[in-house]
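Both complexes below contain chain A, partnered by chain B and then by chain C.
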Partner chain A sequence: MKTDKAGLSIRTKSNLTGWSFILIAVVMIATFYFYPMAQALILSFKTGTGSNLTFTGWDNYIRLLSDKTFLTALTNTFIYLIVQVPIMIILALFISVLLNDSKLKFRGFFRTAIFLPCVTSLVAYSVVFKYLFAADGLVNSLLMSLSIIGEPIQWITHPFWAKITIIIAITWRWTGYNMIFYLSALQNIDSSIYEAARIDGASSFKQFTKITIPMLKPIILFTSITSTIGTLQLFDEVMNITKGGPGNATLSISQYIYNLSFKYTADFGYAATVSYSIVVIIVLLSILQFKVAGDKK
Partner chain B sequence: MRKLKRVFTYVFLGGAAFISIFPFLWMVVSATNKSVDVTRGRLLPGSHLFENFRKLADSTDLWTSLWNSAQIAVLTTILAIVIASLAGYGFEIFRSRLKDIVFNILLLSMMIPFAALMIPLYRMFADISSSAPAIGIDTIASVMLPTITTAFLIFFFRQNSKMFPKDMVEAGRIDGLSELGIFFKIFMPTMKTTYAAAGIITFMSSWNNYLWPLIVLQSPERKTIPLLISNLGSGYAPDYGLIMLAIVIATLPTALVFFLMQKHFVAGMMGSVK
Partner chain C sequence: MKKVLALFLTCVVLLAGCSSGGAGKEPAASNGNSGNSDSGSKAEEITIWAWDPAFNIAALNIAKEAYSKKNPDAKINIVEFAQADIIQKLNTGLNSGTTKGLPNIVLIEDYRAQSFLQSYPDSFVNLSDKIKAEDFADYKIGPTSLDGKQYGVPFDSGVTGMYVRKDYIEQAGYSIDDLKNIDWKQYIEIGKVVKEKTGKHMITLDPNDLGLIRMIIQSAGSWYVSEDGKTPDLANNAALKEAFELYKEMMEANIVKLNADWSQFIANINNGDVVTVPTGNWITPSVKAEASQSGQWAILPVPKLPQTPNSVHATNLGGSSWYVMNIPGSETAADFLAETFGSDVDMYQKLLTDIGAIGTLKAAAGGEAYSQPDEFFGGEQIVNNFAAWTAEIPRVNYGIFTYAIEDIMVVEMQSYLNGKDIDQALKDAQAQAEAQVR
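Let's turn to the complex of A and B:
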């Protein structure tokens, strides 16, 4: 085996150099992700205010099961998830298929325009939406002048409409983002496949369900997982549009954790317990989504 | 039938484009109007831009917030792309079974929601505060540190490193360059596009970050621009023209970055699923 002056083999030396390249990143991720993750787990078995915490075993988890506010936040989050994610993904797919037509005029304009919402910060667009959807806001006056509605909708202050407002807002912000992924995947599909299908007499709808959807499946899976994780962490929008209200009608799990830690008397232990519920849900949903996507192959 | 489909396509895409752009137009127009005109639904540009600006600059910490946000976003971006590209390159060029395992463990961190981290992180920085005030609560460092390194960015650089010709590494070694020399003198310049894409994505997410700064930044002179906007928007008698102007100002940097580097930005997002 060849060795250098220090007596290390070239293989070992190259291996060590490799470790030195990744060292900072590994330390940073361990310090700011895995270590706090373990801390949160320990914390979830403690109770107390501020930093006076004592071990109380499963108390927090038992409390979680009968916590009505948690149940509300969980339900809200799932409503957002079940309603918003499919709407957004279908909309993004539909738009990207329309945009994929090479004969379409103003393609660049449409693409840029629909993608544009992604450059706004979540806080900035939330505040804009809060005013657009105010009782005396522009959306209501527009709908009234078009005679679609007779009187203003209480978008922000009615439990049902407040949820709808949040859903509309998230859809506005993220549809273009998902569209870009589909568009790039569509451009990688060989157009001769579509030509062959057309010659065989397949309708546009058939082409969409039999070629486009199966070809895009990995990307659809990717976007649905990232959207699911994003929705489960929803915070900026509810905080800035509705503050979780009216009542707790729009409260998300993340905002509930924030409230438990920084708004009410700080209960870090219980907040950590609630936060682990998101971890568990994300893991379960990701496994489920992989399963669903895998089985249909 | 064909023609009908065509018409439908344009009407649908036109509608979607209008809905996407409208809030921007409204926010820009409103920034030039008086508060009452904004609530009245005025859709034409007004003459109050300068007055709104003067009031905004006088009554809020606009400049301080912008400066804080700029410092955080620029520093985070530089550190993030250096650390992540070193790691991505390291994982791809110096492969070993153990490194692949470590890489997969790092990827798991992408599944960890921030909500699960924020309380321990907050406590961690609160504990540090007394012994190392420079990186404790209410400092720029405390905002930056947890956001600098993400598994996503390491993954992104590793994916893109696959396209980097390995012969160049050999050539560099024969020319007597050190491993770091090869990285800085050969890899970095060749992968400019990858760096641009990674830089844009990191800059945008850092500039727009809200929840973590909301938790760690406490004094008014430390606030970042999203915190300023959130505060303005929660007042009881909001001055709509002024708030809209603040939002326009906060959106300008990311919108500019987007328009100047649209191709890289889109390429960067795509790089994440390749």
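Let's turn to the complex of A and C:
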């Protein structure tokens, strides 16, 4: 074998060194991301229980279109998306603007308090919420002692209230997370802009709508895309608070995938098909959001 | 560009290597649990997976002790997982084609047994020459066998009874005998009176769990699927229709206290919020957990259907059995089961006295422990009663789709409760189930 010095130019050598640095990462990513993705795509064309899988072409995709449970899961997920994401984004914006006020005392404390839900475990907080919202739980007894309601609300076992419970839970968990993005973006807005606006006589509300929101636009876009993706993958809360019930009223797409794989007789082929439907939806929604809110080049 | 291509090719080659390793079935692959490969040796180490420390794990420990006396060299590892975790691990393990990390013996719920036996052929060991199927309760053989071969060692009976609070019943002006051998219509009528007089709910139900419906239809020898275990039998199922109607009647009579999960279910029992609990005998330890209520409970046979003629006062809910996996160590594992849960009558007495577990080995019912009176339940020989009801449970084929169909039924139940026509609801369920199970 020839030595390096004899065979390779310095340029090739440095190139090789560079490649060898990233080779491990590339191989790892290919093995643990791209290979499973490709396998799942192949799997989505197979049908059968457990390991008795046979290739059936588009069968699963055709089944998907007429699957009522999938439709319910999709509708529920979109209800969460349409109701919860805007509430959360607006709330996070509002809180971050309040907490950015340099005159506010204990800012650090408030910021930490609102961010704190994000560091709790998804399962742990879901279980706590389940008990808070139980028929004889803390929320009901509080509302009843304040005479707001006459008899306990069936938060978990009523189709409508179960959805509300899930929405309250994910809003509590994720608002602080989005707030942090807005806070850091707000720090980057030059205070002289606000100063100029004040001198021109702009009210606080005008400053908010005409300066803050436009300046934060890229961040709002970013958070709404990540929140959309997060909501489409919603699993832990639904699984732990309502188990998708009552009667699939809170079922999310991810939980349906779990059910197809593990709760029912394992049908991994169809579960993979449903998973790919989420991929398609996320791609489409992200394109849409970029088109609506993104900067035109 | 060439380098990118080279890199890509390298990855492809690597991936091809990975896939050929994972895709092939290798039932006799090396096993993480056993160091040596001579599977006939008695000295081998085996691993068992089960859920519920108070019940199944406790039973395993008793079995381990009994087996170790005769086979001191055997090393038995008992691992506790939640049932959902076991199902996940089994499915993923068996599907990946590698048997590494799987246990030698696993506990599977009867409702799910066929789905594993049929979905993963050759993954479980045929125990026909180790145990005799006819030694066990008749209705347990359906779920545990396939094509005439006995794969499971029947264990937990799942026979049901109606647990009743005597004091509440008496407060409402009834005697306990008024609730003996009644039908569900009478049950609801009594429930209304009890609710009015005591303010207590007759029953607690989880709207996501149709266990009550399963109990009712099995008592009439019916199931979500027909005899073959595959064809959904919902639209024209008279027992199912009656069960649905009774369920709605209970809801509308306002005698149901809703619960959202197992812990609330248990809390409702222990807090004294409900008057009756029609459920599997495995609830006994949980009922007895509230020692202050000793003497206030009785156990009666479950009600039957008023209109369906072949309905009986005995049915099943849950219940599970042991399975040996086809990996090295299966000989020892099969031997362990055959010598303990498969035949050891004395061990079954200990299971009963120590943990209250009622098995399904027929011979065990003759033992002394079965006729011990239970002071908590007013000195009744409750186990003898349960054993007698066990013999009456109609045998049905659960098939492999119980939980998939039940999720459809839960949705239709909600629509039915909200005013949908019963026949339409069952017809829609039938159509959906047919699309689901093909």
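Structure notes:
By our rule, the second predicted complex is superposed on the first by the 289 of 297 C-alpha atoms of A that agree within 3 Å, B and C clash if a C-alpha of one lies under 4 Å from a C-alpha of the other, contacts with A are read in each partner's own complex, and residues count from 1 in each chain.
The rule is short, and it goes like this: a residue touches a chain if its C-beta (ideal position, glycine included) is under 8 Å from a C-beta of that chain, and two chains touch if they have at least 3 such contacts.
This structure is a prediction, so every number in the text was calculated from the model and none was measured.
For the composite obtained by superposing both complexes on chain A, the positions of chain B and chain C are in clash. Touch criterion not met for A:I199: it reaches neither chain B nor chain C.
In the superposition on chain A, contact of A:V279 is made with chain B only, not with chain C. Once the two complexes are overlaid on the shared chain, A:I95 sits against chain B while remaining clear of chain C. Shared-chain residue A:N15: touches chain B and chain C both. Once the two complexes are overlaid on the shared chain, A:V26 sits against chain B and chain C alike.
In the superposed pair of complexes, A:S51 makes contact with chain B and with chain C alike. Contacts of A:I219 after superposition: chain B is touched, whereas chain C is not reached.
When both complexes are overlaid on chain A, the residue A:K130 reaches chain B and chain C alike.
Judged by the number of chain A residues each one touches, B leads among chain B and chain C.
Using the contact criterion defined above for the overlaid structures, shared-chain residue A:T265 touches chain C, although it does not reach chain B. Stretch 259-267 of chain C is the one among 223-231, 259-267, 295-303 or 331-339 that clashes with chain B after the shared chain A is superposed. Shared contact residues of chain A, touching chain B in one structure and chain C in the other: 15, 19, 26, 35, 39, 51, 130, 243, 261-262, 268. Taken together, the chain C residues at the contact with chain A in this complex read 3, 7, 10-11, 14-15, 18-19, 25, 84, 87-88, 91, 94-95, 97, 115-116, 118-121, 206-208, 258, 260-261, 264, 400-401, 403-404, 407-408, 410-415, 432, 435-436. By the touch criterion stated above, chain B contacts chain A in their complex at residues 5, 9, 12-14, 16-17, 19-21, 23-24, 26-27, 38-39, 41, 83-84, 86-87, 89-91, 93-96, 99, 102, 106, 109, 111-124, 145-146, 148-149, 151, 154, 179, 183, 204, 207-208, 210-211, 215, 225-226, 229-230, 232-234, 240, 243-244, 247, 250-251, 254-255, 257-258, 262, 266, 269-270, 273. The part of chain A that touches chain C in the complex is made up of residues 15, 19, 23, 26-27, 30-31, 35, 39, 49-52, 63, 66-69, 72, 130, 134-135, 154, 156-157, 159, 242-249, 259, 261-266, 268. Those residues of chain A whose C-beta lies close enough to touch chain B in the complex are 14-15, 17-22, 24-26, 28-29, 32-37, 39-40, 43, 51, 95, 98-99, 101, 104, 109-110, 112-132, 136-138, 141, 172, 176-177, 180-181, 184-185, 204, 218-219, 222, 229, 232-233, 235-236, 239-240, 243, 253-254, 257-258, 261-262, 268, 271-272, 275-276, 278-279, 282-283, 286.
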